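These notes open a run of structures that come right after.
Each of the next two complexes has subunit A plus one more chain, namely subunit B in the first and subunit C in the second.
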Partner chain A sequence: MKRKTVAFFDFTCCEGCQLQVANFGEELLDILAAIDVVMFREVMSEKSDEYDVAIIEGSITTPHDVERIKEIRETATTVIALGSCASIGGINGMKNSFKLEDVQSYVYGEDGKNYFETIPTMAVHQVVDVDYFVHGCPIYPPEFVKILKYALQGLPYTVKDEAVCVECKLNENECMYEKGLTCLGPITKAGCNSWCINYGNICYGCRGMVKETTKNASIDVIKKYDIPMDWIMGKFDMYNKATESEEKK
Partner chain B sequence: MARSVNVDVKYLTRVEGHGNIVVNVKDGIVEECRLDIVEAPRFFEAMLRGRSIFEAQHITSRICGICACGHTISSIAAAEDAIGFTPSEQTTKLRKILLYQEMLDSHILHIYLLVAPDLLGVPSFVPLIDTHGNVVKRALRMKKACNDVCAVLAGRHIHPISSIVGGFTKIPGEKELDAMLDILYDMRPDMDSTVELIKTLAPAIPVFERETEYVALVTDDDEYPTLEGDLGSSDGLRLDKSEYLKITNEFVMPHSSAKHAKASRKSYMTGALARFNINSEKLNPKAKAVADALGMKPPIINPYMNTAAQLVECMHYMEESIAILEDLKANGTDQSEAITVGLNERNDIKVNKGLGVGAVEVPRGLLFHSYEVDETGKIENANCIIPTSQNVNNIEHDMSKLIHEILDKPDEEITLMFEMLVRAYDPCISCSAHFLDVEFINR
Partner chain C sequence: MEQYLILFKNDFDDFVERLAKIQKLVAPVKRGSKSFAFDEVTAAEDVSLNYIPTILPPKKYFMPQNETIVEYEKKQNKWEAILYSEAITLFGVHTCDLAGIQCLNLVFSDRPNDVHYIIRKKRILIIGLECNDYCDEYATCGLMDNHNANGGYDLLMTELEDRFVIHVNTVDGEELMGKLAMVKPADAESMTMLNKMRNKKREVFQPEIDIERKELKPLFEESFQAEVWDSIHEKCLSCGNCTNVCPTCYCYDVEDEIDLDFNKGKMVRKWDSCQSRPFAMISGGENFRPERGGRQRHRYMRKFNYPFEKYNRYFCTGCGRCSRTCMAKINLKETIETLIEEKK
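Let's look at the complex of A and B:
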């Protein structure tokens, strides 16, 4: 079988998810042997306009991004959204809680604000069709390898609609609520092996919300804790603002 | 003979983020020398307003995947300064390990994957997989080792989990300390081979000199400063970190298109070469030996030598990480220091109203974070100035001088020299913050 040509593209993001891939170490060479990487701007000068699989990192935040992602979709047979910026809008979505004009002038000043075009943050699938989603900020490497294998074989893959709490309980962590903290585990998609709680932190919701979301119930629970209401809403918005209208789907 | 050159490199590859180089020479007169930043703006400072200071680290770590630990540490330093919290000695030691490992990781990536291809005359590391398989494998192995140390210590390198305002949510025990030490002991032979490799490649580093001001953290003790210190420069400047805007002053006036003086001159350089030039006598002896082997003596005013300074630092950060870990192992870690914070629901950490600054050395130079919080810990104002935005001005001044020295060379060679110059600075253009050095020309 001919090796699939794969190209990486980065849009608005920290490029941490591409780096997670580069950080596979020597295992990276095994992955590279199974595919033919034709573009990986961060580490390669080579460029190509032809590829089978496009791996997209980052959110869509400028009119130019919209044009570029459409062109990529036309070229590629398979599109993979890599990381939460691409898969749910992620951290860049926080911008959507403000007026665009306000964020622009805050950072670039009254005169500078118009020099950088920006539009409300969108996940990739809000602009073009996406075939595979790799959630996480950053991606969880074992899940990426699994999804890549499915994608290369053209098999469908869907992320289980189950909360981080399921994995967290299996890992026998003491629940953050018992320790007096609030945690987004109950409404966040599993798949990261409850990464943050294993290391003593709370879940920030980076993998997006479970579909059967119990957001309102969670808000009621969190309300009992000593934090202001807008901070509670801020917690939900940190990763999920760009795609919040899709919660009920 | 007067010559015209027009270089326009779009989407500079092998630098983090997107940059365009524009050089325009007409009849021997330089009309334009520019490094454009075409990164989509990300508005981090604006997005932080109204949020809890206990979320600042989590969010600003996402400014840059490569410098996730640097942003984490600088953000925490600024936040703790703002709320009036002093970290424990153990916390400071653990933070240094994170920072050192990130420096090492980033420098290795830069030296092997981004610069070595230039010195070997190939377009990227990919052709090297066939011709220099062992070198590529070594690079990936070393990078992974740094990542693994961070993962043991903080859950992961890219967006570390346990390192937050107040300390660490998980403290490494003896098992973890041993795991980290084993990884680093194993790295030693690879580091020696790296030094040997760069020694053989060093003659290919371009020779180009321009005097400029170098800015780095300075202290009065004998530790090579990274996490704490005053702001110092090769022109003798010394300021408390709270006065950082005096050095980066033009960045506070984004609406002003007039050029402001920077530090003491038109431009300054920050990063490995600046640190080497200012603090080289504080390097670990093994790092000093690397510098000697490469014939490096401060001041070095060839910006292409930044890569060599990074190599010297690699040895330093590896050995110093080992030293801290050995010390922690000998004295044992205090597990009771593990903190449970979240959004500070339990009010374990006392919050005062205030303004704080974090000034931390990260791979590419000085990184500033600054927050203003109210008495509840709500962020009212935020600012972040990354090293690359401090260096862009200096790169442009280098380009303006360099072009005169290489005008008689063919276009391709000029283009490569410029690309290599920009790459030498290891610019992290993907970082959100301001790029106001780039004049607001019509884009």
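Let's look at the complex of A and C:
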């Protein structure tokens, strides 16, 4: 089997998900035996305009981003969204809670704002078709490898539409709500093996929401544990603002 | 073989240490402020004798959450079943969980029997721990008649003031006690204490819901259209906690995990939950149970209706884990009480 050429791209992001890939250690050798990396700004100087697989980190936040991602989509046969910014908009989505003008003034100042065009934050799939989603902030390395294998074989991969609670229970963590903390595990998509909770942190919802909306149930839970609604909304908006109004299929 | 032994509490530390030296010893340990879990122990100080049902039931030692069942090499067309077992002493299993293991034994021994499970089970020695009182208000072991042990153990320990009385139920259990060389046959005094406690238990444990056990099956059989499922639909978060913590839920999925050489790989059995939306989804996107109420009803039917038809046994042990873990407060007792009300 001829190795597929793979290129990494970054849009609006911290490049931390690519760093996760660069930091794989020994497993990276197996990955590099399976793919031919032709562009990866964080780890190599070579560049290429031709590639089979485009791995995209970051969200789309400027008109220039839109043009650039469309070009990449036309070149690549397979597009993988890497990390929350690319897969759901992520942290950058917080911008969508404010007026664009206010955001521009805040970031660039009254004088500078006119030099930088901006648009509401979008996840990659809100602009072009995405074939594979690797959620998470940052990505969960074993899931990246798993999805890469599916992509290289051309098999469809569906992120399981179940809550982080499922994996958390199997790991036998004490429930954060029992500890008096607020956790987004019950409404966040699993696949990270409840990574944060295993290490004593709460779930921040970085992987996006499960498809089934359970608004009434969620309100009941919030009441049961006596949690102020704006706490939950604040946590929700941290990662999920850009995709909150998406039709959930 | 059947006999009663006696172990004084002063010797308990020594007892646990000796058990741990023989083979891997697993017992309830504290996990966080209000939770417990079965985990490996080496000393008595690790063990929580006074515990409410653990987050996951001991079924995780019989059917692990992730279990490699096949390894393969595609090019060589080589397939190998992976049968793995480990000698374990499971210590401190409450009577509700003994019943849970008995249910799983029925399912996995049923044809075609599950070799992976059966091989594992053969090497697990079970030391039960009788409950003298309720663990908390979620339990319905009185109704399900699991507050007393109905078999399913090698040894059963009952705590009585300054001592434990140990009932020896199997040859394996007898041999283990022989190896420890520290327990003596129970004397008349201990047996009187045991009987006294058992008599007291008859008053302590009462059916928690006002229904005869045999009426549960017809109640659920006739409840398919009940309104309670609609209200549960509104409440349920579909997080799957209730099924994952259930001692008798055994549904699983098998995932194919291939190596990066795209030749070698393995098939891994993983717990699955009928509460998650994709569980009953088939190709084309059709879903047999798209509604959360329907999925919850299915869960209840799998405890109180279907297994009764197949195995003549309820698959609810009364451990209360599903109600205890439910963030949305879906409570088994309340569900049954509502069904009784609706039927009137």
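As a convention for this text, the second predicted complex is superposed on the first by the 233 of 249 C-alpha atoms of A that agree within 3 Å, B and C clash if a C-alpha of one lies under 4 Å from a C-alpha of the other, contacts with A are read in each partner's own complex, and residues count from 1 in each chain.
Just so we're on the same page, a contact is a pair of C-beta atoms (placed from the backbone, for glycine too) under 8 Å apart; a residue touches a chain by one contact, two chains touch by 3 or more.
Computed from a predicted model, the values in this text were never measured in an experiment.
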item	value
Partner chain in contact with A:Asn216 - subunit B first, subunit C second, else both or neither	second
First (subunit B), second (subunit C), both or neither touched by A:Asp129	neither
Touched partner set for A:Lys179, first subunit B, second subunit C, both or neither	both
Subunit B versus subunit C as contact partner of A:Asp49, first or second or both or neither	neither
Partner chain(s) touched by A:Gln18 [first = subunit B, second = subunit C, both, neither]	first
Touch count on subunit A, higher of subunit B and subunit C	B
Which superposed partner A:Ala34 touches (first subunit B, second subunit C, both, neither)	second
First, second, both or neither for A:Asn198, with subunit B first and subunit C second	first
Overlap of subunit C and subunit B interfaces on subunit A (superposed complexes)	179, 225
Subunit C-facing residues of subunit A, complex	1, 30-31, 33-34, 145-146, 149, 152-153, 158, 160-163, 165-166, 169-170, 172-175, 177-179, 185-187, 210-212, 214, 216-218, 220-221, 224-225
Contact footprint of subunit A on subunit B as seen in their complex	11, 13-14, 16-17, 40-43, 45-47, 49-52, 55, 58-59, 62-66, 68, 109, 113-114, 117, 123-126, 129, 136-137, 140-141, 143-144, 147, 154-159, 161-162, 164, 168-170, 253-257, 338-343, 345-347, 376, 430, 434, 436, 440, 443
Touching residues on subunit A, where the partner in the complex is subunit B	10-20, 22-26, 28-29, 32, 37, 41-47, 61-62, 65, 90-92, 94-95, 97-98, 102-104, 106-112, 115-116, 118, 137-138, 176, 179-183, 195-196, 198-202, 204, 225-228, 230-231, 234-235, 238
Residues of subunit C touching subunit A in the complex	31-35, 37, 54-56, 65, 234-241, 244-245, 257-262, 271, 273, 276-278, 292, 325, 327-329
